[in-house]
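Provided herewith is a single structure, encoded as structure tokens, for subsequent inquiry.
Per-chain residue numbering starts at 1, and chain names A, B, C and D are given in the order in which the chains are listed.
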Amino acid sequence: MSDNQSGSTRRRFLQGTGVAAVSASLAGCSGNGDGDGTETSGDDEDTPTPDQTPTEAQDDADDIPTGGIFNFGMGTNPNTLNALSSSSAYVGVITDRIYESGAAIDPVNFEMHPNVFTDWESEVLDETGDNGQSNVEIYFNVRTDGLTWNDGEEFTVSDVIFSYNYLLEQNPGGYAASLSPIVSVEEDDGDWDCVMTLNQPNGTFAYDQFGLPILPEHRWSDVDDYTTYEPADTDFGPVGLGPGVVTQWDPDTSVEVSFAEREGEYNLSELSWREEVPGVIAGGPFIDAMRIRVYSSQSALHQALFQGDIDSLYEGVRTSRISDAQEDENINLLDGFDTGYGHYSFNLRNTPLDDLPFRQVLGFAFDDVLWTQQLQRGYAQEGDFVMPPGYTAVRPETGSDQELLDGPSTQAFSFRQSSPSVPDVENIRAFLTEGQVITGEGGTYVGQDYPGSLTGVTASQTEPKHDYSFGPVESDVLQESDQDPDQEIRVNGETIPEINDGPLTMLMSPAQEAPQSAQMIQDWISSLQQIGIPIDREVVSFNTRVTRAYGEESYDAFSMGWVNLSPFATNTLYSLFHSDNADDHSVAETEGDDENTSTLLNNAMGYGVFDDAGADDLIDEARTTLEPEARNQASREAVERIYLDFPTMVVDYGVPKWPVSAEWSGALENIPGPGSTYLGTQIMQIHQSE
Amino acid sequence: MTRISGKYLAKRIVVSYLTLLVIMSLLFVLLRSMPGSFITSMISSGMTNEQIQQIRETWGLNEPLWRQYIDFMINYQTGNFGRSPTYNAPVADLMIRRMPRTLVLFGATFLIGFIIGPLVGMYLGWWRGSKKDKSIFSTSLLLYSMPSFWISWLFIWVFNYELGWLPSAYMFTQFPEFQWTAFTVMRDVLYHIALPIMSLTFIGWVGSMLIMRPTMNQVTDEGYVFLAHAKGLSERTVMIKHAARNALIPVATGAVVGLAFLIDGSIIIENVFNWPGMGQIIVTSVLNRDFPVAQATFFLLAVLVVIMRLVTDVVYTYLDPRIKFGEGE
Amino acid sequence: MTLLEVNDLSIRYAVDDGSAVHASDDVNFSVEPGETYGLVGESGCGKTTLAKSLVHLLDDNGYIEDGEVWFETTLPQWADENGDPKQSVIDDPDKPVRADGKTDLAQLNSKQIRDIRWRDIAIIPQSAMNALNPVYKVGDQIVEAILRHEPETTAEEAHERARDLLERVGIEPDRADDYAHQFSGGMKQRAVIAMAMACGPDLLIADEPTTALDVIIQDRILEELEALQEEFGVSILVISHDISVMAEICDRMAVMYGGKVMESGRTEEIFDATANPYTLGLKNSFPTITSKDQDLVSIPGTPPTLRDPDEGCRFRERCPFAVEECHAAHPPMYDVATADAEGRAVESTDRRAHTTACYRIDELEQIRTDAINESTWTDQTIESR
Amino acid sequence: MATGQGDTESDGESYTRRWEPRLERLKRGWSRYSEHNIGILGLVILGIFSLWAVVPGVFAPHSTDWVAYLGEPPIESRLTAEQVRSLPHPPAFGDPFFAPLGTNANGNGILSLVIYSASNAMYIGLAAGLLSSLVGVPLGLISGFYGDTWIDEAIQRFVDIMYGLPFLPFLIVLVAIRGITTTNIIIGIAVTSWLNNCITIRGETLSLKERSYVESAKVAGASDTRIIFRHIMPNVLPISFVFLAQDAAGAVITQASLAYLGLADFTANSWGIMLENIKSQGYIFDAWWWLLPPGIALMLMAASFYFIGFSMEDVTNPQR
């Protein structure tokens, strides 16, 4: 259910939330760290590991107590019920109960299952579209019996045809990535209900194209501009195929989604595949209604949880309160893992960030222990690859003998310290001056062994571009720095300020949005300054950061986070690391075309734009491979290539601790985003405990 | 029977209106000169430039600035506040929904503050220099020095967190079980507004006291106060009917400043207590670059202040028969 | 029989540093019904304080040190049906009431004195100009007084009376609905007078009734006062530094200096047979009463501070006739008549007689003549420098 | 007033003529001021804070980088998971470490932070107060001196407009435009807080310029600027000091409010930031030792300014 906001919508989530949440601490929901986390990978008691199957909630839908009202808290208010115009996850909490999509993903095996569409098959045509790729036709059947709109209206095939064409015509930004390959969706004159034509092969169409929401023709047909349509203003509220109806809507304070008052039939929760997935309970929802309370701050939200005003809250308990929650016997903490990662990304367009060894040095200087153990209080996992540990199928460790997250090959860029918390300045400098690079070859780098890459890929760049040396401190940043470094770096003989007229600057969020990461950046910068790298921070609010990084790419480094990434990697890799999604400023400058700087593209690093840093080949391969295993293999290689090329430094994966009042049981544990991405699954099977 | 000449009133109204226009222009410039734009919240990856242009179109961001300005000014004359991109709703609706909530909080505090303040000021001014005056005055200054959000936290801590007597958020019970009658609603609101008002007035009353106290003290030396004593009137009568009545006049002027103070206060308070009013969105809208909302909120608050100005002018003439506006004040 | 009888009244102002200002010292005088009594002296001589103290209207730091203020009245709660004090009250030692029906105002508490104010003793304050409350209609302010002391009267009656009163002092009744700022200076003054008469008091204290008014209006006001006196038979206690005004309206007067009464008696006695250096000096300094052929002389020097004054005549520093004994103690009140007749100083027993406080009363003739010529005053001041 | 005739005399003469009365006035002023206990109290509090601001090291038990368990930098070890979870730590006296007011979530000593933050509040208070006086006083003088001319009208209209803008949001926009730095915050506060000065000073000036000595100066042919700054300003200065004090107090509180809204430079040690942190890190109701001290410090700082201001007001106001 929860994947009706599929593909890129998910990925926009952060910005979406961020915008809605700036005032209520963005941190709570951002990959860049504060708020969400998990037990340290050190103690095993409840660390999720891929082989560990989700805890079996009691099965057998018949003797499950039904009824009751589930009180749910959020730290940010949902601003609309228009699923197309909003990419806020807080809106999703409601609209996910309303809208359904063709196919559903299960949060355990990440397999696609029938949902509104009963079955489908695809066939690659030999004809190729203007993009040089061969077109694909996907035939599918629509489940019209036993399923009606939540306002009781009859659901027909034409609704499906309508909503796809409506989406194609309106092309809401949130769904653009999934819509762009679609050429047409028509009624099939054969023995299938419908046929969808794509302009390129896509192994994960069930996730992308079938993940689009299905809209009621009788509601949307007369909506000319989706952006100005507000379902909340209509007499019934938003109409969809989902199990819920909105029965109270005061976006500033409270929203009620009722399941008991839904009109007509709903049978999607009884589909047979659900029984087969461990932990998933079919036959839901078992609660009468879900009441959403909006709080102005994380403090208020958590206070409400501990006072029992709410049974659960969005995403998870913030780190500072986890221990309290563990002690509170009225609250069960469900473990889950991240659906994304927190990262610092570098602008490959700027010298010396265009050089691999330099970027890698930035990694050596980042004290990940301080971050995960101290600032995150051990409730975060040290980051390495651009795929969260939950998505094992596409993690390079798979198929290797190395342990997830802790294998030596994932530690290539870990903090190099001479004594605890003190950067190993001398050896790090040596790494640069001696012209070393971690290319994927095994070896000892800055006093730490690296066995070589897991998948055998190597970095795009094999030796340094620039030659580095250290000389007397000249730049102001370093002279004023209280680290007072004894030397300053020279890139091809020049200091960095001389090259970029100014030191490197790190865009960071205001401390209020993310107090811990603010401190982390302070620490990181001071380490770098000790090494002799002139770098400074610039505090900018979330919006400005988004514009500067994704819009204008006018930055050296910035901190941000991703969540709700696709478990199939291909979309993620494409939209985050493919040159198609990066602005090539070299072009812009020559043509004086500023358009390409104003577009918001996810690949802010410009990774792939330059020949000496890119994984386009591997990504394209993965995207167009239909056979799952081959596709995942390609993804894994791409992932490790990106790791080695270090355009972005993955600092952590949060592992959410999702609180649920002891009065309720049936929730799934050890799944990604138990309280966010797959909240839908939870709502469908949560029920009163005896 | 008012001593305000219609001509004068008309003049004042025109001036206030012009003031508003200037304020609006100022707003427009200020908000537009902020870095970033709410577009970022609506543009997403993989969007073609056409789509982005379309969005810019929808929100009129492609127009040249001066055009946007003209539209803005004209629309506001016609009460068209535009649509909020973050709330995806007409700003007017948003305002209509939130303005009353703020006014309730506002009015209540304003009233209480301007009852307590002058009263205390009256006594302190009357007994100026006495032990009582000194101690009360300095304590009130201490209160005045408290950050409003901090004192709110303390109140929440005690009355909500520890004692659980009063709610610490919202204006209504979110999912009321009780019968929805005028009475129950009233009770519910009072129940919810208690803490915010406490926090706001705890500090708010001092302002008017600070104006009342010295004027009251000056008045006590006036001949008519002496005469009132000589008439054999009781202390209370003299203090209230003769002294305080005159001392009130400057307080009326102070009301405007007091209002400004209250606006700031309620912005903080609304954020602390999750009071879904104007103060709450004015901050977020600015941070989110939601210009339509920010503009409207600023504008309405400005209107509030300007109207307040007019009102005080009128009140003034009732308080002080000597003043005849219009004949060259 | 007398209306007001002030015995050895001493008033002090407490000062921060613990010392006390002797605003008036052992002052004795009495006022007959219907008579106009004047208290004259330079500003700061304690005359206003003295007057205010009668009805406890002193500033916060002023208080009655000792002395009695017997006044012909009885508090309602102490009175029998025909207004005289009940026997029980007279016998009660705690109640300051005398068999002759007088009450010692000095001993009343603040609540009791309020009943006396305005009903028995009304005051026209020094600054009558701003004595009207700007925010109330003049009429209402008069009504307020009436209703305060005669609760039984209805608002209508009160309003009627207010208008009558205004009419009496020469203001057309309709102006009762006007505010003070719509009145001229003189009208304000008269309005206050009207207000003062509102409850038909027995004694009217007029504090500098004419200062801050131009001469024409001055006269009008004075006539006003006299007219009222005719009509209501009210006694008036006039306080002024302007000895000429006094000459005009007072039956009797007391010349005060430095909190002491220097000379007292019937007005003509004081002017015709002046018997005190200070009074002489004072006369010199006012044109209206000094004879044509003589030029004005003001008394050199400044009045004493009265802060814990020492023994000795209060006037001696400025007195050209001061002698040794003047420094010893302040002179008692000597009877002037006897002095003129027999040339010897006899302490006076009759407080209504013409008396003066000067040791050199036996050389009256000499002093009077010396006092006329300017040099007497100017020279001595040079010496004393 | 001596200031009036003063400058028409010969220098030495005029010097004494001008300064003696001033000194006199100062003396009298002080004796009048010292009658007010709160005035003295204010000075004492401010004195203590100034000491904190100037030499925090003397009073603070630790530096701001001190970390519980680990001690002063250079820190070459890490906190154990156990230790991390014991933070924020309630007041401890020697066991396991010495932090009389406990620590925050990062293990920094609250007391030290409070003491080191004094300078920031002091700086903001005085700077903003001074700045708004520098804007408000001259404008008030000019507006008053040219009362009822177009100049006056213009200034007053402008003041009206400024009054129309809600203070805090306006400030937020300003800070948002110019970036979140202490300097910008100060400027923002000043820009919005000079109004009252301007109006009062104007009133004062209006009455002052009727005074005889100003008239005489005019007759003597003194230039406007000379009259304003030589004859009028010295007499409005005391009042403007009162406003300086009150603005300073206001600024301190405003800065805290901004911090609460997340608009304050987080790297600066400030009481506002401390409170902001306890909120954003979610310990408001769990760490009284962290919640109370910064608030109280803020309150006392602002109060001391108010105390001084109002005591001075009594000195400066002519009545009594």
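We take it that a residue touches a chain if its C-beta (ideal position, glycine included) is under 8 Å from a C-beta of that chain, and two chains touch if they have at least 3 such contacts.
Quick caveat, the model's predicted, so the values are computed rather than measured.
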Contacts shared by subunit C with subunit D include exactly B
Contact partition of the other chains, subunit B left out, is A, D | C
Greatest centre-to-centre gap (Cα means) from subunit C is with chain A
With centres defined as CA means, the chain nearest the overall centre is B
When B-D and A-D are ranked by contacting C-beta pairs, first place goes to B-D
Cα centre of subunit B to Cα centre of subunit D, whole Å, reads 24
Dist(centroid_CA(subunit A), centroid_CA(subunit D)) in Å evaluates to 46
Note: subunit C sits from subunit B at a C-alpha centroid distance in Å of 56
Subunit A and subunit C have mean C-alpha positions lying a whole-number Å distance apart equal to 95
In subunit A, the residues touching two or more other chains are 23, 297, 303, 541
Residue ranges of subunit D touching at least 2 other chains are 176, 261, 284-285
Touching two or more other chains in subunit C are residues none
Chain-chain contacts, ordered by label, are A-B, A-D, B-C, B-D
Within their complex, subunit D touches subunit A through residues 74-79, 81, 84-85, 105-106, 176, 179-180, 261-263, 265-267, 273, 276-277, 279-286
Within their complex, subunit A touches subunit B through residues 8-9, 11-12, 15-16, 19-20, 22-23, 79-80, 82, 85-87, 171, 173-174, 176-177, 180, 225, 227-228, 230, 248, 250-254, 256, 291, 293-297, 300, 303, 307, 540-541, 543-544, 546-547, 550-551, 575, 581, 595, 598-602
Listed in rising order, the residues of subunit D that touch subunit B in the complex are 37-38, 41, 157, 160-161, 163-170, 172-174, 176-177, 196, 249, 253-254, 256-257, 260-261, 272, 275, 284-285, 291, 295, 298-303, 306-307, 310, 313, 317, 319
Residue set of subunit A touching subunit D in the complex reads 23, 25, 27, 40, 297-299, 302-303, 318, 320-321, 323-324, 369-370, 373-375, 377-378, 419-422, 510-513, 515-516, 518-519, 522, 539, 541
Residue positions on subunit B within touch of subunit A in the complex are 35-38, 40-49, 51-52, 55, 58, 83, 86-89, 97-98, 161, 164, 168-172, 174-175, 271-274, 276, 280, 283-284, 287-289
